[in-house]
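In what comes next, chain A is part of two complexes: it sits with chain B in the first one and with chain C in the second one.
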Partner chain A sequence: MKYLAATLRLQFRTTLTFRFDLAVTVLRNVLTVCCLFALWTALFTGRTAVAGIDKNTMILYAVASTILGVFLSMRVENNMAESIHKGNIALMLARPIAYPLSLFMDAVANTIVNAVTRIFPYLIAAVIGFCLAECAGMRITGWLVISIALSYILMFLYQVLFGSLVFWTMDIAGLIEYRDVVMMLFSGAIVPLYFFPDWLFRMAMFLPFQAIYHTPLSIMIGRIDGSDAAMAVGLQLAWIVVLSLIARLVWRRAVRRVIVHGG
Partner chain B sequence: MADEFRVGPVRFYLHTLTLLIRQRMAFRVNYYLMTLSVLIKEAAAIALIGVILQKFHAVAGWTIWEIGVLYSLMAFANRGFYTFCAGVLRIGHMVESGELDQFLVTPRNPLFLVSARYACAWRMLYNCATLLILAFCSSKAGVEFSPGNIALFAVFAVSAVAIHFAIYLVLATVALWTFRVSAMQELLYQVIFEYLRYPIQIYGVVGAFLLTWLIPLAFINYYPAATLLAKTNDVFIGPSLGYAAPLVAALLLFAAYRFWNFGLAYYKSSGT
Partner chain C sequence: MPLIQVTDLEKHFTITKRRHGVAGALKALIAPERETVRALDGVSFSVDPGEILGYIGPNGAGKSTTIKVLTGILTPTAGEALVDGCRPYENRQENAKKIGFVFGQRSRLWWLLPAYDSLEYTRSVYSIPDDVFKRNMQYCKETLGLGRLLDKPVRVLSLGERMRVEIAMAMLHSPKILYLDEPTVGLDVVGKCELRDMIKNINRQYGITVILATHDVMDIEKLCSRVIIIDRGRLVWEGDLGALRKAKGNTRVIVVDFASEVEPLQMPGLVPASTEGQKHVYEIDADTVDVDTVLQALAQAGQVLDLSIAAPDIEGVIREIYTEGSLP
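Up next is the complex of A and B:
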């Protein structure tokens, strides 16, 4: 009886700390959504539309981008760096499953956990927010779903490529910062590429990063649809092919380096 | 060990910082890469705000360079906090693992020891990077580099670091009752790093009120920036409130330290 009581108390406490964390996370997400609202509302005062985007569309874009960011957050490089530091990499390479594939599985598992603990609270916050603002104009189409899936693969490839650098540099923290900066600037994650000056917009379109955020978000706000959407998704596919080829090449060389280390 | 205690706290602290820097220099290339990335990251963040502003012209009456000052004041203080006293951030973990107990049985002040041990001194170069950005934005925004302004900036910077420290210390004290505060810490970081970069009046009267009177984070950068930039017309409450920053910092520090001591008196180790 005493044991049962103790177990129950323990269980209750665990749930409670979990709930507390969850409550704080929800609060954080509500604040994020509020902040995006506040910022873009302040910016749009006295304006109806800028670069063809009105206030509500922009808020939708910003919130969706934040949620997409959580969906795309995987710690592939950290995983790779850790297994190299600890020497697990030898084991990983000896496993019957290809290491990149196991990395991908890790990433997917991570995303699923994220979906429950982080995306769900965001969605609650976002729904509350949009109900308040009567934000309309979100288009969920087949293209959007495909394009988000492709973004996920692109992000994974990009991280594997970056993570492979750890075979040469041995530490990744500094490099991840650069990856984040490039991503922040050229993907359209924080500021839509439509607001960029013309030359910068054209430059960004030549880089693979726009395929990760800009494409699905543009489809979502209805900025591109029909054949344009098909083109954009095709471009994503093309980038996937290019990046996987490069990743393959880099990966082969990297693995050779491991053998050198271990030999 | 006995010798260690004969040195004064300042020398002890500096000595620890030197050791920490040496430790970090083991990964020299990565260290320089990190420093450069901080410079690029701050510049990129401001550039992005610049991209927005070339379409929208101003946020609540603040121009790009003014926002740059606002942003880099916050970044400078935030990085300063991490460089010199980020140890408070770890107290929650130390309670859980029982590591804190080691610090409680030495003759030195435990808070001082924790702060010195987990200071991230190698980040000093990051601070320099942020300072460069701040100087650049300030000159663009028309802030005069007079001795008075530089002294004022120094006071504001120290106050801002102190406000950081005090607020995180309150959280650390809450952690003494074995509450997990990591989520709260993340929330606080997000508020400071993401929201304080814009003038607080965009958050409406409620937001500005909360950030001024309830959790006075606006004293980290908003009021000081308003004072340095001599903003007059569009500042919530008034630009001279910047001069209150050191006072706010001192009060907060005092209250947080009292609370910490109160918490320690009731602290029971987790026993691990």
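Up next is the complex of A and C:
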């Protein structure tokens, strides 16, 4: 806990060092919300609803998905890859904190910093600027809060698993992009899975990615609730158990492969 | 009971051979040629508590690899390393609490923030109790001259200043052992000198055992009670500094300046190294030849303006050990 507090403090101060960057980020977030609004308004011209989702719900979905994306952008893979490339993995492994744990703590600290510097501006832009009406359709329930928390853990596990590949391949920049595209598509981050053709929807439901975006967003727009929500959250939990077992196994093998050349 | 016990340590790496040029890069991509490098090839030694051990060797000898096994970063291929009774690569976190380390080529400091923030961060990483932290900070401020550095962002510190902060960071949690991997690399003469004083002070005041990996011979001469030399993954020499000096025989170098040109002196046991004109350089083996007799002979040969007798420099001895691979 002390470690988390210290990391948080330093990450905050590092972020605040670049005031200009911070200002640009806030501006960009406002613009992103504008774009989403304009895009989906245009796409829904002449239609009242697609796959049971109307325009307002869709805008809510898109904005929420973007904000969730910021919340989930933890850069764990990039951190791992960078540690390996620069050889700083050596410094990490020689500390009295387990590396995966410190990765998680760093990710949480990063998210909190993001929340203050990026998510709040988003939320303010979203609420004040455009979707007062759309926000009315939002269902904030206990299931939503739980499922977002589980999404976060799932995302962390994916990233650790994927990031561990760097111990074998030494470079994963290309793989990260590939992973990102597959995950964004099949998790429902870009387009709701409900818009998919039936066979693709079913396939997506079998993949682990849907548990990250699809589950919390569906709960939020009220598409699933009650016992369905409980089921979906249960599925998230199951994926967490499976992935953490695999991650544990992979990590153990990975750490034995550590090579640090040149000093 | 030694604090560190290393037995037949081996570490092999498999590396892919890279060739020059684009064609070579493509070839390596399709049909990589691999080869096994024995970074450590059966190294054994032990370190007693309170020692400053000089661990030297040329670039790529395996110094850093040994340190990385001892700090728990690398798992050895064969053999065993025991640090304070446990294997560091199997008990990473337990080991990490007992050791401090500075890798001269890698910084642990937060680049953009004042140096103090990095120290404060270390306090949380190592869960250092308040009183220990305060005491060690006080010590670091006094001995390492940190006082005025702490408020400056790390990026504006000089290399020497940064290294001081790194060392402070490494000893904040009162470790038993301090691993310093080329801490003086890239420092100027004054910086190196100050840093050596600090290391000595830390060793004396706290009784911290120091393992100093370096290829700077002056580091060794100023600091180390005992020296281990490795080359190509093998231990080639071990002993104290005096013994290292005598390793190549007890030679002395005599440099004489004569007032006028003098014929080279012929004497048993006296090897003329260069005898051009008025300046003569001889090497003698002090064990077999009486220095006094040589001096008298020189005084009789001509008018001596200046004369000096020097023990061979350690660097020369080490160079010979490197080139020969081992000692007779």
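Operating definition for what follows: the second predicted complex is superposed on the first by the 226 of 263 C-alpha atoms of A that agree within 3 Å, B and C clash if a C-alpha of one lies under 4 Å from a C-alpha of the other, contacts with A are read in each partner's own complex, and residues count from 1 in each chain.
Throughout what follows, a contact is a pair of C-beta atoms (placed from the backbone, for glycine too) under 8 Å apart; a residue touches a chain by one contact, two chains touch by 3 or more.
Since the model is a prediction, treat every value here as computed from it, not as a measurement.
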*Report for A:5: first if it touches chain B alone, second if chain C alone, otherwise both or neither.*
second
_Contacts of A:49 with chain B and chain C, given as first, second, both or neither_ = neither
_With both complexes superposed on chain A, which partner does A:195 reach: first (chain B), second (chain C), both or neither?_
first
*Touched partner set for A:185, first chain B, second chain C, both or neither*: first
_Partner contacting more residues of chain A (chain B vs chain C)_ = B
*Which partner does A:109 reach: the first (chain B), the second (chain C), both, or neither?*
neither
*Which positions of chain A sit in both the chain B and the chain C interface?*
17
_chain C-facing residues of chain A, complex_ = 2-3, 5-7, 9-10, 13-14, 17, 86-91, 93-98, 256, 258-263
*Flag every residue of chain C that touches chain A in the complex, lowest number first.*
13, 64, 68, 71-75, 92-94, 96-97, 99, 101, 103-106, 108, 110, 112-113, 117, 120-121, 123-127, 181-182
_chain B residues within the chain A interface of the complex_ = 27, 29-31, 33-34, 37-38, 40-41, 44-45, 47-48, 51-52, 54-56, 59-60, 179-180, 182-184, 186-187, 190-191, 194-195, 198, 202-204, 207
*chain A residues touching chain B - in the complex, by the definition given at the top*: 17, 20-21, 24-25, 27-28, 31-32, 34-35, 38-39, 41-44, 47, 50-51, 169-171, 173-175, 177-178, 180-181, 184-185, 190-191, 195-197, 200
